[in-house]
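So, here's a batch of structures to check.
One chain, chain A, appears in both complexes that follow, with chain B as partner in the first and chain C in the second.
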Partner chain A sequence: MRTRFLQGLDELKQKLLRMGGMAEQAVSRAMDAYRTGDTAVCTRVTEGEYAINSLEREIDELALDLLAMQQPMAVDLRFIIAVVKINADLERVGDQAVNISERVVDLSRLPAVELPVDIPRMADLASEMVRNALTSFIQGDAAMARRVLNRDNELDTMNRDISHTLMNWMSENPSMVQQAMDGIIISRNLERIGDHATNIAEDVIFWVRGADVRHGHVPQG
Partner chain B sequence: MRTRFLQGLDELKQKLLRMGGMAEQAVSRAMDAYRTGDTAVCTRVTEGEYAINSLEREIDELALDLLAMQQPMAVDLRFIIAVVKINADLERVGDQAVNISERVVDLSRLPAVELPVDIPRMADLASEMVRNALTSFIQGDAAMARRVLNRDNELDTMNRDISHTLMNWMSENPSMVQQAMDGIIISRNLERIGDHATNIAEDVIFWVRGADVRHGHVPQG
Partner chain C sequence: MGVGIDVRGLRAWFGKFEALHDISMHIRPNCATAIIGPSGCGKSTFIRCLNRMHETVPDAGVSGQVLVGQRDIYGNGSSAVEVRRRIGMVFQKPNPFPTMSIYDNVAAGLKLNGVRNRRLVDEAVERSLRSSALWDEVKDVLKKKSGASLSGGQQQRLCIARALAVEPEVLLMDEPASALDPISTSKIEELIFSLKEHYTVVIVTHNMQQAARVADYTGFFLLGSLIEYDETKKIFTTPGDKRTEDYITGRFG
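Coming up: the complex of A and B.
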């Protein structure tokens, strides 16, 4: 019984990793579309959302099955609850990728313009935060989770700088207001992705700390 | 043992209601500040965020304790997992209220201007969606949750209209770009609040459906 339970926990972890991979791929596709202007990629982001939503439900159901299977220990309970919360955050990372790709489609319908900001660099940081937050969870590494929290300020600053630059730029180029707005919104979407990474990192700390307090050791996963 | 567990479930529900009340109050305070320009209220929104975050953790801990207390039935499991997820959404409604009040502070530092859009009306709808989503959860009312989902389109349309109006307005009034941007961002924050209400409503449907399937009746809470 315990063996089957442990196998279930492992399956849960694998599915969550897959979810993370799908969310990350959605962001990277949306950014490819932004860089290249190839809106065919945007369709794939939107289609991918269904797969992400359905995997989210699958993970929740597996978590419920595991909780129902046997009386889990406190450390396992925290792990499963953390999975359910992280799962929701990853799904919303996917939502943000959809939002970004909608802006890219909008941009593709407007006169082309080179926005005077480096949005792909911001996207790299946001994606790295999500990846590291998930890795910190899989490795039960609270220190790594704390480093994710620290980087969120950096992302917020990038967002503020990009917004500021684009606002000044649009006052000087009133005919480009829509393109600048798309840039500002994409930047905010990326900042929201960072917030989800932050939420995940906080859940990792919550889980590891609880495991710590109740068992006197950091769980190995 | 079962009685203590049921009391715990009731306590969990009460705390979640309190969380909902605090999130709703944060939004209504932020909108008061928007209407009146009284930024003192904004400080209270920011301070209230700590209370909301701490109640979020309290609710998660209680959920964990309940899961650890006894082998819950499937319907109780789904209820507890739904609480954990709804809890996270309510906390983020509070975050959006903080974001709105930051924009209000920004507006207060800029030359005063009457934006040509009805943001308070949008806020009313967003708050109503959150309130109804939470009520549908407490009453186990999937039909009510579905009505919340339907209203999300209305909110999205309002957001699109407001953004569109303000973008046109700022191209004609380039010196007012920042004020218009604040309006657009507040509108997006309200749309995100609607998304959280939508998430909550989806969790209600998930929970009620699961309870339905496994027990052949709609749970009374």
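Coming up: the complex of A and C.
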């Protein structure tokens, strides 16, 4: 057995899970800030981004070392490729959390208003997708990953509905345009988080089954 | 041009020990096919059955069919000498004839086959040395230097030229680069890539990266059985059999 190589794979997995935890926490904090209007939490999200970026580089470096030094094949090669891609998606999830917290800071500077949309519900779904995509990665469960893909349309619909509602609301409340715009942007950020969860789930399927299911592709055989 | 090889129900023995069990596979013409597997899995025995080298071992036996093109090399009236002319072989350790010049090494097979015309021999020597990517390095010392005076990598390319001189249809290579440094290995691998334009190449290798680099198709042998045979890309990214995956990911045993 290639002990050092297997240790390297395990280390890669552990680091990616830490990265996943940090990205999930960033989204959770950004949404707490949205609910409570506590901008101090936004600062923590921004500060957390440095750690996420640093870990992203660490994971890429370890993956590159394993590829160069161990020349992995088959399931191991697919695993490392999947980790590199998931790593990039998690970093982008962290970026979206920062974008949301920036909108929250913006909202805090404007007159308070209750937007007629349920953004926290959308955030719950986006977070659940990220969590389930990561769980499917931990468990190597392609069926679970497949279920994540099925939720993406739901999130897209929520985003469209929220945008539509807020556009109408804006025309009726011209003095609240900025708040409505912030709501639309947060909704779009959450929709993007869902897209990243979808990418992660697709990478899990690639790793476990060797099948490329991106862009609705149906593999042969 | 290379020809396809149809192996049907091939079994091979050393005395009472059955080393190959009922192997059937189609080796495609003008492709490089790699045979991989752990030591003792029967991969060398397998390629030695493809040019009737196996039967040179005392107590060795073979059954089944090996059709090279349309002809069964184990069929009635097939001669081992003729088979080995059509199916050349290169071994792990370069084995040039040490006392012969470079020229004579390449010409040896032709002369054994009765070719005496000087011009034809000269042409065949140059063509073979060019095909084995050795010509530029040895053209000025063809008759002055012995085969043994060349470096290991050059000696192996000389052996390939010697095999090519008799214009075989198939080239069998048993670990052709395992005794060579990375630069010589890379030259042999590039050579395999260009040789398949004219020949069918079957290569046994322990080096899986090498199989992945040079072969169009790969067969995985284990305990004398062919476990999986598919496009190389498929074998090394998404093998269908757990045993293949365990072997190529180093989780074997």
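The rule is short, and it goes like this: the second predicted complex is superposed on the first by the 209 of 221 C-alpha atoms of A that agree within 3 Å, B and C clash if a C-alpha of one lies under 4 Å from a C-alpha of the other, contacts with A are read in each partner's own complex, and residues count from 1 in each chain.
As a working rule, contacts are C-beta pairs under 8 Å (C-beta built on N, C-alpha and C of every residue); 3 or more make two chains touch, one makes a residue touch a chain.
None of these values were measured; they are calculated from a predicted model.
Asker: Should A:M170 be classified as contacting the first partner (chain B), the second (chain C), both, or neither?
Answerer: first
Asker: Which of the two, chain B or chain C, is in touch with more residues of chain A?
Answerer: Larger number of chain A residues touched: B.
Asker: Name the contact category of A:V84: first (chain B only), second (chain C only), both, or neither.
Answerer: first
Asker: Report for A:M181: first if it touches chain B alone, second if chain C alone, otherwise both or neither.
Answerer: first
Asker: Given the touch rule stated above, what does A:P72 touch, chain B (first), chain C (second), both, or neither?
Answerer: In the superposition, A:P72 contacts both chain B and chain C.
Asker: Is A:R2 touching the first partner chain B, the second partner chain C, both, or neither of them?
Answerer: In the superposed model, A:R2 contacts chain C only, not chain B.
Asker: Let me check the overlay on chain A: which residues of chain A are in contact with chain B and also with chain C?
Answerer: Residues 71-72, 74, 77-78, 210, which sit in both footprints.
Asker: Show me the residue ranges of chain C that touch chain A in the complex, using the header's touch definition.
Answerer: Checking each residue of chain C against chain A gives 208-209, 212, 236-239, 244-245, 248-251, 253.
Asker: Give the list of chain A residues in touch with chain C in this complex.
Answerer: Residues 1-2, 5, 71-78, 210 of chain A touch chain C in their complex.
Asker: Flag every residue of chain B that touches chain A in the complex, lowest number first.
Answerer: Touch residues, chain B against chain A: 57, 60, 63-64, 67-68, 70-72, 74, 77-78, 81, 84-85, 88, 95, 163, 167, 170-172, 174-175, 177-178, 181, 184-185, 188, 195, 199, 206, 210.
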